[in-house]
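Look at the two complexes coming up: chain A is in both, with chain B in one and chain C in the other.
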Partner chain A sequence: MSSSRKTIPGTSGKTYPGISNGIKTPPVSSNGSSNGFHKSIHSDSNSLSPSDNYGDIEPCSHLKSVLESNAKETALITYKQAVTISRPIDPQHIYTSKKDGSVVSHHKLLQRKSNSLKCTDCSLNNFHNNFTCLQCPHVGCFNDHNHAYTHYKLNQHVFATDSRNGLLYCFPCGNYVNHPQLEKIRSEILTGYSVSRPTDDIIDSSYTDPSGLAVSGLKGFVNLGATCFMSSILQTFIHNPIIKNQFFNNDLHYFNCEKNLATNESGLLDETNACITCSIDNIFQLFFSSNTNEGFGMTNLLTTAWYKKKSLAGFQEQDAHEFWQFILNEFHSDYERIRENIGKDPVDSSECTCITHTTFSGELQSSIKCLSCSSITKTIDPMVDLSLEINHLKSNHPGSEINLYDCLDLFTSEEKLDVMYTCQSCGDKTKAIKSLKLKSIPPVLSIQLKRFKHNSLNDSSSKIETPIKIPLFLNMTKYAIGHDAEEDADLIDGDKIFELFALVCHIGSVNTGHYIVLTKDGNGQWYKFDDSVVSLVSQEEVMRTNAYLVFYITHKI
Partner chain B sequence: MTEQAITFQVVAESVLKDIVDNIVRQQTLATFANHVSIQQQTKGNHESNVPVISNFEIGSTKDIFGQDKTKLKTSEASRYFSCENCGRKIAGGRFAQHVNKCLERRRR
Partner chain C sequence: MTQQSEELDQIKSKIQEHLISSGNYDIINKQLKLQLYESGWFDKVSQLANRELQDNSNQNFDQLFSFVKPKAEELVPQKVKDEILEKIKDYLEDIIQ
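== the complex of A and B ==
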């Protein structure tokens, strides 16, 4: 395959105008700004674009033959140029021209880039998403007109680079292709650090690959009595990327927990070495490494839970939410215990970095407005979840079903206080109006719909079956401080968009019920876990389900 | 170029279509790359007897591994697990009860 270049790359030609003028591209600048609304989930890539999985894409025969031929060097140079042009313009960095060191404005840089990425045939820019041919200066669009493809057909130029991600596309194969040599160039330019993969020999001798089944973590839990309330909550932890990440990096607890290291004489579990975090760690370990698909028997957790709180040990049907709170409390106290073990001072809850607090903890601001002097007193309370009333709820839009936004509207609406309030600024004992707003929202927003009503008259409980439509994406902008519920009803703040990833549903009546859980995986596929039975469900079915607990995760991951 | 009259509506729709096309392409590529990644890094497990997720039918009577749902529930409940306290093997459905009694006994 000979390269038919009109101009030699690298000289000031018409090839890639942006590059040939020698704009100095920066070494990587760091960002990682936490916006203050979430406790910062560590973004460990100090890069312009996030690192991706494209390194694993295989080369095709066409690519291999080019890289083995004499054209290899030219191809690599051109590829490098193409990737450099694909680099997104970093708004935080100051670009200087190579020629004379003068500052080039971002606007000018953007213009240059747009110009060079215009389709040669139709001049469409397509948001900088075009294909730059590897063998000539042609830039082709890929959407409607498909000029990139027609260029290939006319000129037999097999390869082009996608200017969005820097990947090479092979037209005869109709697929993206990659190769370690190309990947090295691409990742160095786009992410600022080069990814080097260890060779196969090193891998084979030290590691065995986990099984594909284990990696997916798709298993059920065997019902060991009345344990469905436990297994549902556990599944929401296992398929929660943040918690999963915490447990995959749980060395701090594992190596410092005295209950893990101690074994009594008979090697059995007892009061002295019962630790919930260790049990759950064990569950994660086995879930993601065992090769079988049979349901998991959580015997260790049952026994441990018995020592901690007998009622929640799985022989009696209990409330899933209560179990969830119990586990979260255990995570926190275990964390404090570990901190003590390693000699660190305890910290205030607001700065605690345990699993519970970093994942679930947010703040509610309650404003009380005095009706005589109109002064507003604000207090901040920490929270790990929102409990929403659904009794007597009517839809805000008559004729349509009640949805979660209606419940949230009720939660944050103004409420007249029954008791007389002693105002702090004017001193009167008057009526007051209270309203709630969210000061900070945790990365995982947990919502409980109060479906269980306790009737104090005859000491009975009943279940409210009202169907409530759960949106797949939740916009919390208008419920946050600084926004008004009515004015900003349609406002969208990117930081406050949440994605539904788990629902716990209760089926049946108060006393004889069953829990099932629905979770979504990274590819958007929904699964239903009914004890040990795992099956697929459609998105429609998910939205139609009568949920009890819903879990949203921030869209910013 | 289009033969339609150039109105704001037409331009807006065209821009939207382009954006959506791009998003779909990016997402397809990302999903594909994830799949390839997982495939590659979990290679070497070609031993037989490793169950595979095979049933992608929604609303079927079988679970994702192709096992019948009702049969599975009954068979799972009769699996035996060892009690961590006394070491005996107890059937699944009665396990929690046993743990409760067994640990009570031990306490006394």
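== the complex of A and C ==
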């Protein structure tokens, strides 16, 4: 079970995570994204951004009749104003007045917003959570006094805008309502990019609704002989909203992959038709359109994987994490191959928009402080996951269990280097202190707990069973650059919050173990996949499970 | 409105304005949200709302909201209620003479 990792000499056994062999990674310039997010998930104009689902809300009859009447233009203008007021004040942005271009301070802006969102009847601004009437300047509260509703009753003003989410509310229907024309305005103002959706007639004529079972994609994998290390990892991809979105929009690969188009006379898998992206694409297609819940036999992927990596062949249990890295490597090289096929020049890894890089790629900043002149040298390295030491770990809070934060604290703590370091600024060969921090965090944060230890003396492996408590939501604020781990221990940056959505667990001993995987769906329901058996599990059971690999997805608050 | 509730509203309004302009609303709000997520409250309420919608799919937002709201308030762990209340009290102690 020992896995090879790049080790930097002198780090006293602490291995340095990096993109595994196969992906060339030239050093990234220090002008990476400063807000902690990988830029390519937003800048690729062809990808449909998985933003909120409010665009799916239907219009009601009242809304439709207004938008078909002469009042349409006025309604849209007023709506646009209402949404603009709802926009949260961005601390990074500098606001200027339209009148004379002078800078408006955030404080003043906040005051203006508070004043405009005060309830007309009781003056409570309810922390900017009120309803602005669409037909007159009235602002109404909905908690306690419910003045928004009273206003509707008295004046028959049917619509109001929710000042928190920018959605239109229809009082007679008692529902939030939306319409493509409204959604265009709302998404542009509140999210910065406009989401365009195909018109209804195209959808109605070309597609039939899939069954509930197909939509959930809930299926197990039949164990074809110690293949649970593969099926566990695959489930973490299938139920990963970002990867799912990419495979649902995989036309670029599908139509340009020569292996997909190659016909093989004997029907065997070989160089002409072995492609991991195609195999996994096939799995997505089947999982999300199937009407049965019988287990899936992944023979195609198995054979393809064996062809691509000989060490996977055979029926021994392998390391799930190594398989995960293998698949990520394949996604990237397949993407590069497709780019070549369509005649595009290869891009730098830092700008690669393959599945692997858009989903998992982040940056680690390593700071080395020279002990004689105190100067700090910073280097940035790309990463796709974090490998955390758990051996000899003690909880930072005596009496309670070790949790993931303790592992992250250790990972980012200052470490004295064993090897003498030649300082770049003062030239002395001295002792130095090294520490790691996250420069940018990918949308999906993957963490491996190093449970498998290789004993070089007798060439054996052992497993560390220490229970580590995994938080359902992870606050990464203090581990990001610009924050101090101790001072900012309680600080919360809304962009640095992550939601646990998958855990891969290894049960049993090193050589005779079994993998199971737990994933969470969009409704907060957890499922356990044990080969072909899929079952519901409670939150409590998830928190009691001893995980090996954990996957978090960004969840802004 | 009675005079008492008018006075209450006035005090509430002042507190709300001060919390926002001092930036404390943002901080306390984020802490509350994080605790609600971490304790699993958000997921439980999600499931609750979904199940209710599955059982009675013929309801509007108002009806679903009035069903979920009291149960959601009940599901908030006492620990979270106490901690956030403490933070708000601390903040108020600083500003009220």
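Heads up, the rule we're going with is that the second predicted complex is superposed on the first by the 347 of 557 C-alpha atoms of A that agree within 3 Å, B and C clash if a C-alpha of one lies under 4 Å from a C-alpha of the other, contacts with A are read in each partner's own complex, and residues count from 1 in each chain.
We adopt the following convention: contacts are C-beta pairs under 8 Å (C-beta built on N, C-alpha and C of every residue); 3 or more make two chains touch, one makes a residue touch a chain.
Just so it is clear, the structure is predicted and the values come from calculations on it, not from any experiment.
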Examine A:107 and indicate which partner it touches, taking first as chain B and second as chain C; both and neither are also allowed. second
Once the structures are superposed on A, label A:212 by its partner contacts, choosing first (chain B), second (chain C), both or neither. first
Given the touch rule stated above, what does A:523 touch, chain B (first), chain C (second), both, or neither? both
Superposed model, chain A: greater residue contact from chain B or chain C: B
Would you check which partner chain A:176 touches, where first means chain B only, second means chain C only, and both and neither mean what they say? both
Under the stated touch criterion, which partner chain does A:127 make contact with: chain B (first), chain C (second), both, or neither? both
Would you check which partner chain A:137 touches, where first means chain B only, second means chain C only, and both and neither mean what they say? neither
In the superposed arrangement, does A:492 touch chain B (first), chain C (second), both or neither? second
First (chain B), second (chain C), both or neither: which does A:472 touch? second
Should A:295 be classified as contacting the first partner (chain B), the second (chain C), both, or neither? first
Would you please give the residues of chain A that touch chain B in one complex and also touch chain C in the other complex? 126-127, 176, 523
Which bits of chain A are touching chain B when the two form their complex? 52-54, 56-58, 126-127, 129, 142-143, 164-165, 167, 176, 208-213, 215-216, 218, 220, 222-227, 268-270, 291-295, 297, 299-300, 302-303, 306-307, 310, 313-315, 522-523, 527, 530-538, 541
Note: in the complex, chain A contacts chain C through residues 107, 110-111, 114, 118, 122-128, 173-176, 471-473, 475, 490, 492, 494, 497, 499, 520, 523-525, 539, 555, 557
Given the complex with chain A, which residues does chain C contribute to the contact? 1, 9-10, 12-13, 16-17, 19-21, 25, 27, 29-31, 33-34, 37-38, 40, 42-44, 46-47, 50, 60-63
Per the contact definition, I'd like the list of chain B residues that touch chain A in the complex. 18-19, 21-22, 25-26, 29-34, 36-45, 50-53, 55-60, 62-65, 69, 72-73, 76-77, 79, 81-85, 87, 92-97, 99-100, 103, 106
